[in-house]
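In what follows, structures are represented as structure tokens.
Two complexes follow with chain A in common, the first pairing it with chain B and the second with chain C.
So, the complex of A and B:
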């Protein structure tokens, strides 16, 4: 029974991780490359986990620290996309895993991350994922439209995640033992675990 | 309150991306390469297809997709008992083949024609007999999706809605304004689709661009402390310009070869699709307004006027581009 559940989880994760290109290209055929840029990251497990983790981390640290990401995160996606186009596709699996692990651990530890470090981490996540999103573009894809869609969805996703987390956590002075703070820390633990699993997969011979 | 300007800048960037980057393909001139494909029903559900006018790229290179239950291997197409009901599309339309006319000649009933073009790449064939439940469901699926697609790809309509939200803010005033816009464009969409009113597409598109410029001016007025027409009577402005935008929506339905008996239902479903897309956009904008307020994201005071001028500039860029197309065949 346990084995079946594990298989189910792995199969679901693989389906989620593998479905991105097909889903996004269907959207492109229907609504064009701008919306392909919008949907592409939302159908990729790495993007969903990393973007959520970054938004939640920033949201828990408070609006004063997090609001920088409203501009920085989309900018990082754009830079990543550009770098990916210039230097070609490279595997980001290990980098994704490392970032998930790092952000997950910071969340689990309820660490008070300085603004500069938060911005640097969020920018790094955005650059890595921007490059990854641009890696499997078809030659006929309009790069400019795709980039516009990707940055728009990056802006909306990070802004809404931060605001929702800030509302969920209520105040910065919330007790570390309140159920809300514990829920966020538990989420961090899960994210770190996913990162660890992904790192193992990436390093496996 | 200063969160709003920052949000405006961000939203503007989003809209500018839509507006500037979704450059209309119609602006690029090319010769229309047309093909005509005829499907003649030889027995119920079975058709013989032939190209009466072959497209310049060659018939074998046309990537024609028929409804999933139909088996196509030209010249034969077999759709079984369900008949030829569902979407037909060509995936490789482009500068070499921009328009394909599909003629369906049933055993009983009138022949029908459907136009597949780069602007309308999917047509929906809805059978010849009395509409069955499957036909209604297919009609709903096709036209709701078509309405959603149309509004999501209509950067000008979305920019106008954004301008309205900008001026009236949130709450009941916004609900009334958006409702008035909906009533306006639904009424004119119906009137245009039934042929009660007819406006040439190119001047109409120029007027739509001008409506956005009007909203841009109203935003500037509001920022200067003046009470403009939109701020005073937002629902009247929304309704009036909704009438103009609705005729624009109707042009999207034109040329689909839709039968008159199914037109009211198609119109209803198309309008539902437009409303779903519009509502999703409004909710997204409101969610972002809320998020910016919650995060206290602000912009320097010097930047507050910039978005309104950018909206005005984009809309006037569209206006002059569209106006040029009224007088010059591009």
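So, the complex of A and C:
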């Protein structure tokens, strides 16, 4: 038994010693650029805040309005990625801040946003963030695989956020002053405040 | 089964286990901005007590103040932050921040029941001064978004902390405790006010 333990420890030590370095972007592996497209927006604070804000806004408005985003948001990411490739990289900091402020204020006010406006805002967010995600690509990156990864994660993230928000808020049954509705509105106020701070810091001399 | 590892082997295993993590994005300033934003509202005692006092007073006032304040307060404070970042001057900011602690502390201690509009106006004016101070003092190297996320989160959590403390008003003993806390906040505010007007110089 003692010999087995020793062997186990030696084997563990050898495995640890022979382990390769961890790579967050597995660019060297097959389909690595697909995973890069998946992970890239999830490690960027702008994407996390804006995607969450858009999903929460759509979720609060209910499934009937929000379901359009399931197709529109990934499509917008794709369009943004293409536009970014054609027109080159540009700073999106001010546009990000403006979208955060607008979406945050709508959430805080619990505004009943028309479907067309919701779709337009979500598409704008997707285009801006798609272009920003495509700006950092290295020449050797497979654009098609990266775009596929980005689109898939966009679809998954927006759908999941909308669904979770709709379930949390229980749109049809809760009143405007229930704690769930207030929590969502407070989150909106925080997002708007973050957007405002970010805009001022971007414009600061 | 006894598992006794020789020291060199233990050292080797620990060394491999403690290898550094891989980072997907090396966004310079993100972590620094987040930490700066989170710490800024909690490192100044005068700011901290005023934020908590707003939450307690909101809880004492009840609806609609208790639910409107968490929604609007960080936003109004961010407006003050914008003025600070853009170096728009406000009159006597340090004195006004100390005055805010005194007045909010007295309001809590006296269970002051103002009409909602008047209470909101008082809190909004003070929020702008607090936000201005944070905006004017922020580190230039900080990542803008990360700083904003940290700053707003810390402010909101302090405010929620005050509301949580304010729920003690449901019990008579809790009410007295909170009134004592309000008096303490007002006293600390008086100290900062005296310091602000140069009484200790």
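By our rule, the second predicted complex is superposed on the first by the 173 of 205 C-alpha atoms of A that agree within 3 Å, B and C clash if a C-alpha of one lies under 4 Å from a C-alpha of the other, contacts with A are read in each partner's own complex, and residues count from 1 in each chain.
As a working rule, a contact is a pair of C-beta atoms (placed from the backbone, for glycine too) under 8 Å apart; a residue touches a chain by one contact, two chains touch by 3 or more.
As the structure is a prediction and not an experimental result, all values here were calculated from the model.
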| item | value |
| --- | --- |
| First, second, both or neither for A:145, with chain B first and chain C second | first |
| First (chain B), second (chain C), both or neither touched by A:34 | first |
| Contacts of A:44 with chain B and chain C, given as first, second, both or neither | second |
| Which superposed partner A:159 touches (first chain B, second chain C, both, neither) | first |
| Superposition-derived comparison: chain B or chain C, residues of chain A touched | C |
| Touching residues on chain A, where the partner in the complex is chain B | 29-32, 34-35, 63-64, 66-67, 70, 144-145, 148-149, 151-152, 155-156, 159-160, 162-164, 166-167 |
| Sites on chain B touched by chain A in the complex | 6, 10, 13-14, 17-18, 21-22, 91, 149, 152-153, 284, 287-288, 290-292, 294-297 |
| Touching residues (chain side chain A, partner chain C) in the complex | 1-2, 5, 9-10, 12-13, 16-17, 19, 21-25, 39-40, 43-46, 49, 93, 96-97, 104, 108, 177, 182, 185-186, 188-190, 192-205 |
| Interface residues, chain C side, partner chain A - complex | 1-3, 5, 9, 12-13, 16-17, 21-25, 27, 30, 63-64, 67, 70-75, 77-79, 81-82, 85-87, 135, 138, 143-149, 151-153, 156 |
